[in-house]
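What follows is chain A paired twice: with chain B in the first complex and chain C in the second.
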Partner chain A sequence: MNQLAIRSLSKSFGAFKVFEGLNLAADSGEIVVIFGGSGTGKTILLRMIAGVEEPTSGHVEIAGENATDVAPEHRGIGMAFQNFALFPHMSASENIAAPLRAARAAEAEVESGVSRVARLLKIDHVLGHTPRELSNGQKQRTALARALAAEPKILLLDDPLRNVDAKLRFEMRLELPRLLRQSGATVLYVTQDYKEAMALADRIAVLSGGKFVQVAAPEDIYMAPATLTVAKLFGDPSINMVETTVRTAGKSATVDILGESVEIPASYAAYAGRKVAFCVRPEAVSLAHKSDGLHCEVQAVTPLNERVVLLLKSTGGWEFLSSLPSSAAIPTTGEKLRASFASKGTHLFDLETGERLDG
Partner chain B sequence: MDHTSPLEKLIRAALLAIVIIFFMFPIAWIVLMSFQTNESILRIPPSLIFTPTIENYVALITGEMRTAAGSLKLDFMRNLWNSVLLSSASVAVSLLLGVPAAYAFARFKFRLGEDIAFTLLSFRFAPPLLVLLPLSLYFKTLGLTNTYIGLIWVYQLICLPLILWIVRGYFEDLSPDIEHAHRIAGYNWFQTFWKIAIPLALPGIAAAGLLAFIFAWNNFVFALVLASADKQPVTVGALAFVTASGIQYGQIAAAIIFSIIPTFVLAMFAQRYLVEGLSLGAVKG
Partner chain C sequence: MAELVISNVDKIYRPRRKKPVHAVKDLNLSVNSGEIVALLGSSGCGKTSTLRMIAGFEDVSNGSITLDGKAIHTLPPSKRGVAMAFEAYSLYPPLTIGDNIAFALKSSSLPTVEQQTRVKAMAEMLDIGGILNRYPSSVSGGQQQRASLGRALVRDAGLYLLDEPMGQLEPQLRAILRGRIKAYLRQHNCTTILVTHDQTEANALADRIAVMEGGILQQYATPADLKARPANLFTGTFVGEPPMNVFPAEVTATTKSVAFRIGERTSLTYPRSDFSSEVVQALSSIKKLAIGIRPYALHVGKGPIAGQVVACQWLGDQTHVAIEVEGRTVVSVAHERIKEKPGSSLALEVSASDLHLFDAENGNAIAHGGQLA
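After this line comes the complex of A and B, so read on.
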C-alpha cells in the first residue's frame, strides 16, 4: 500500500495553470525528491499534501484514504518550510514541542521527545533561545526538529537547505539521508539542487512545464534522461548539445556535427532523416591523438574539484566540454586532438517533442 | 565610535529644545492655569508669579463650583467616570468584534470581502452630524437615547473601522507559513488564531486599541446629541464651565489635567507593546 499518493492533482490561479494532472505514489519509508526550477509549483504541491492549500482538481491519498476532507492538523504530517516558519514568540524547545503538545503527550514525553530530536540535530545547546537568537543553520535545524518531533508517517521538506550557507548545506547533505532513514517516514523532499536530489533520493520526480516529465531512480535520471529538459537539468558541467540530423550509410548511422560526420551506434539507423539534438555528457567525451573521431582544439582548461573541465571547439565551430579525472593526461590549451563519445553518456532527443530516442 | 562634532551636538540640542518647548508649552500653561484663580488668570498683564491654589481641583472633586454669581452643582467626576466607562467598553467591544474580523479580511478571500471592509472604513468619511440626525430618531424609537449601551453602540463607528484596518494590516504582514506550520503541527484553526496570530499581532492590536481609545475619549458630538447630563463624558461635561457669570478658566484647566491622565497612563502602559519587531527573525527575509 502506498503511504502517500497524489491522484491527477491540478492547480491553477485563474487562467494560469501551475500544474495539471500530477500523479505520484510513495511507499512507506521511501524518499522521493521533487525536483524542478523556481516557479514550477513544487511548494504549492507540498502545501496541498499538507492540506493548507486547496487543489483545483484531483486529490491526495494518505494511507490509501482520500484526504480531501481531512484538516491539516489531522493528516499526521511533519513539514519543514523553506523560510523555516518558526514561531517567533516561542523558544526553540517550545517550537519543537508544539507537535508533541498538540498530540496531548504527557509532559515527560514532551521533554524526552524534544531532547531526542534536539540531540539528533545537534541543537540541544540552543533550546532556550528564541528564533531571533538562532543562526540560520540553527533555525533550519530547529524547523527540521519540529517536523520530526512527533514522528510523523509523512515528512514534507520544502527545500530546507535553500537558506543555509554552503558549508552547512554540504554537511546536511551528508547527514540528512541517515536522519531521514532513521525516522522511517515517507519523505517528499523539494529541491532545485540536482546534487541534493541525487544524494538523497530513492526516486526523483522531475517537475517541469506543469507535469512530471520523469519519475525514476537517480542513476536512471542521469544515465537515461527521458527528455532533453531532464538531461539539461542534471549534471555539472551540464550536458553538451548540438542540433543535427540522423543519416545512414549502409548499416551504420552518423550525425553531422557542423560539417563533420560522427558515427553513432547503428541502432539509431531507424531514425534516419529525423531532426535530433545530439547530446553527450562531458565525462563521456574522451580525447586522444588518433586517426578517428571529431577534430577539435582545446580552448581552455579549468580544474573543477577532482576533475578537470576542458572547453573544446570542433573544426566546424561546435563548442563542447569534456570532463576528465585529474589523474588522466590533461591536454594543454591549443592542443589539437580527436574526440570520441562513449555510447553510455550519449543520447539523441527528438528536436520537436524533446523525447529521448532509444538507440 | 562617536563621529558627531560638538557643533552638531549643540545644534541638535537646540533643535530638540525648540520642538519640546513648542509642544509642551500649552500643556505647561494649562498646568499653571489649573493652580490659579480665575482672577489671576485674567489679570493684565499676565504674570508667571501667583499664589498657587488647589481650589479648582477641590471644586471638581467635591462637585461644587463657586462663581461670582453663587454656587453651582458640578458633575465633573461623574463625567470623567462616564468617559472611562464609554471609552473602555467601546474599545473592548470593538476589539472583540474587530480583531477576528480583521483576521478574516486578512486571511480569507470571500465574496464582497473587500467591499465590506471598505464600507466599514467609509463610516469614517461621513461627517458625524450627517449620521446623527437619523440616528437620534432611531434611538428614540428603540429607547436607546441616553443609555450607555446606545452610546457604546454608536462609538463603534469610531473604534471599529480603526481597529479593523490597523489590525488587518498587521495580520497581513505575518507570514501565513507560520500559521500553516502551526496547523500542520496539529492545532486547529482556532488554536492557531489564538496562539499564533493574536500574540504576533499584539503590538498592532495594542496600538489600534490605544488609538481607538483616544478617539473615543475625545469624541464630543455623539454624546452631546444622544445623551443627557448623567451619561455625558468629559468633553461634553466641560460645557458646564461656561456659566452665566463667565468662563471658569481655572477649573477648565484642572478638568483638562484630570481628563488627560487616563489616556496618558494607558499610553505609558501600552508603550512596551507598541515596540514592533516581535516577528522579526522568524522568517527568512
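After this line comes the complex of A and C, so read on.
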C-alpha cells in the first residue's frame, strides 16, 4: 500500500518555480532517497510533506487520504534534520521524550519509549547529558532517536549525516538501513551524497531542474542513468564525457573522439548522424599495450582509496579518467597505451535533450 | 632546486591568562626537491601551525627551517621565496579573477605578454578561463578556491604551500583537477607542501604523507607504505577508507601454528611458518595485543570470521559488506558486486600476510604480514 504519496506537487516563490508537478508514491516500510544538489528544493519538499509549508498546487496523501487539512502534529510523521535541532535546555532523554509528551503519552510509556530507542541507537549511556555535552555523533543519534520515539508511520530525514565526520558517516551508513527497517516506518531520506543514496535506498528519486528526472532502484540509476545529469551525479570519479556524432560503417557503429574513431556496440547504429554525449564510467576504461583502442598517454596517477585513478589524454586531446583496483598493474606517468571501453559502463545521451539513448 | 628541512621545531602558543598550548612538538621533516608532501591530520593536530611557520606567519618557538640550505625561519614572509594558497582563498575583492591570478607576476620582471600567457594557461587548467573578468564576490566558492590556487601556482617560487587547496571543489571536477594539478607540479618540478584533513586528497597528490596528531609527527611515509606498514594504531586506523578493523586478541603459538583468539568463538589460526621467528618471539612478551585487518583484505570465503550480514551496500564500483561477529561489526570491501541479504550468514577469511599486529598498550606496530614492523 502507498503509505505516502505526493500528487502533482508544485512550489513557486513569486515567479521562481522551485519544482513543478512532482509525483511520487512510497510503499509502507520503503526507504526512498530524494537525491539532488543544493537548491533543488529537497528540504522544501520534506517540509510540505510534514505540513509546515504550503504547496502552490497539488497535495500530499498519507495512507491514501488527502492530508491537506491535516495539521502537522496529526500526520504521524517523525523528522530529523542536518543541524540536529535539539532543544538546548533539555537533556538527551527529555529531547527524545518530547514527541511522546506532545502526544500526551502516559509516563510509563514515555519512559519505555525513550529507553527502547536509546538502546537501538546506542546512546543509553548519555541520556542525562544536555546537547552541549554530546559529541556531534551523539547529537545526531539523539535527533534520530527523537524522530523514532513516537513510532511514526512516516519518517522524514533531512540530510542527517551531513554534519558528522567521515568515519561516523560511514558507520551510520552501514547501521541505518537495519535501524529504519526495524522501525517499520516509510522513510523519505534527503541527501546530496550519492554513496549514501545508493547504500540506503530501495529507490532513489533524483531531483534536478524542478522535477524528478529518474525514480528507480540504485542499480538502475547507476547502470542505466535516464539522463546525462543523472549519469554525472552518480560515481566517483564522475563519468567521462565527450561530445560527438554516431557514425555507421556497414553493420558496426562508431563515434569520433576528437579525430580518432572508436567502435561502439552495433546496436547504436540506429542513432546514425545523431549528436550525442559519449560517456564512459572510469571503472569501465581498460588500458593495455595492444593494437586496437583509443591512443592515450598517462598524464597523472592519483590513488583513490583502494583504487588508482589515471588522468589520460587521447591523441586528439580528450581528457578522461580510468579507475583501476590498486592490485592491478598500474601504468606510469608518460606511458602510452590504448584504451577500450566496456559496454556495460558506456552510455550515450542525446546532446540536445540529455536523454538516454538505449543501445 | 629547493630542499626544505625542518629541524627540531616546536610551536608553543602563550595566550594571556591561559595555559600555553604546545601545538607542534619537536618536528623533524625534510622535503626533497620536486617532492609533493602532504601534512595530514584532524583539526588541532599541528599541521596548519607547521605550514604557517614555514610561510612565516608564525614564529618558530624552537628549532630551524632551511630552504635550499639557507635558514628561512628568521626571514619575513616576503623574503622566503614561498607561494601560498590559503584555505579561505583571501582573494583581493576589488580585483578581477584574472588580476588576482596575475597579482604576483605583475611585480616580477616577466614580460607582460608572457604574464598573460601564463595566467591564461593556468586558468584553463583550473577550468576558470571563462570567468577571468569577473570579481571574486560574483563567482562560486569552488571557483574562488581555484583562483586562489592559480594565484599561488602561477608564480615562480622555491616552495609551494597549499592549505586545504581542494576542499570546496565541485565533486564532479575533483578527480580531473587532482590529476591536472599533480601533472603540473611534476612538470614544473614544484616542491610542494599541502595541508589537508582529507586523506583522499593526500593520497591522490602526495609522494609522501606526514601524519600528525597531538602536535607530534606520527609517521612520514609514502601512501603505499602508510597502508601496508602503519607505525602505530593511530595511523593504522586514521589512514584507509573504510577504516581498518581492529580486534583485541590473545595469541597462542605452538611449534606448528600461531592462533589469534579475537572472540569467544572466533580464532584465526595460521601455520607457524607464516610468521618469522622474530615475530613469534616478540609476541610472547606482549601483554595486550591488537590485530588490524583492512576491509579490502577480508574476503568472502570459508571463515574463520563468521557472522550475520548487517548491511551489503553496492556503490557502483565497490561493495561494502558489514557483518556482526560476536557483537562487533566487521567491515569487508570488494571491488566486485556482492549480493547478500541482511540477516543471512556470511564468513570472511584473511591471509596472514594481511595481518597488522600492534601492542595495544602503547599502540606501536609489532608486525605486518608476518614480518617485524
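Keep in mind that, in the parts below, the second predicted complex is superposed on the first by the 359 of 359 C-alpha atoms of A that agree within 3 Å, B and C clash if a C-alpha of one lies under 4 Å from a C-alpha of the other, contacts with A are read in each partner's own complex, and residues count from 1 in each chain.
Rule of thumb we're sticking to: a residue touches a chain if its C-beta (ideal position, glycine included) is under 8 Å from a C-beta of that chain, and two chains touch if they have at least 3 such contacts.
This one's a predicted model, so the numbers in the text were calculated from it and none came from an experiment.
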Subject >> Partner chain(s) touched by A:Asn163 [first = chain B, second = chain C, both, neither] >> reply: first
**OP:** Please indicate which partner A:Glu335 is in contact with in the superposed arrangement: first for chain B, second for chain C, both, or neither.
**Re:** neither
Original post:
Counting only touches as set out at the top, which of chain B and chain C does A:Phe81 meet: first, second, both, neither?
Top reply: first
Subject >> Partner chain in contact with A:Ala98 - chain B first, chain C second, else both or neither >> reply: first
**OP:** Using the touch criterion from the header, give the chain among chain B and chain C with more contacted residues in chain A.
**Re:** C
**OP:** State whether A:Phe234 touches chain B only (first), chain C only (second), both chains, or neither.
**Re:** second
Original post:
Which chain B residues qualify as touching chain A in the complex?
Top reply: 175, 177-178, 180-189, 196, 199-200, 278-284
Subject >> In the complex, chain C residues that touch chain A >> reply: 171-176, 178-180, 182-183, 186, 200, 203-205, 223-224, 240-243, 296, 310-311, 313-318, 320, 322, 329, 331, 333, 335, 342
Original post:
Across the complex, what residues on chain A touch chain C?
Top reply: 166-167, 170-171, 173-175, 177-178, 181, 195, 198-200, 218-219, 222, 232-238, 281-283, 299-307, 309-311, 319, 321, 323, 325, 333
Original post:
So in the complex, which bits of chain A are touching chain B?
Top reply: 47, 50-52, 71-73, 75, 77-79, 81-89, 98-99, 102-103, 130-134, 136, 139, 146, 150, 163
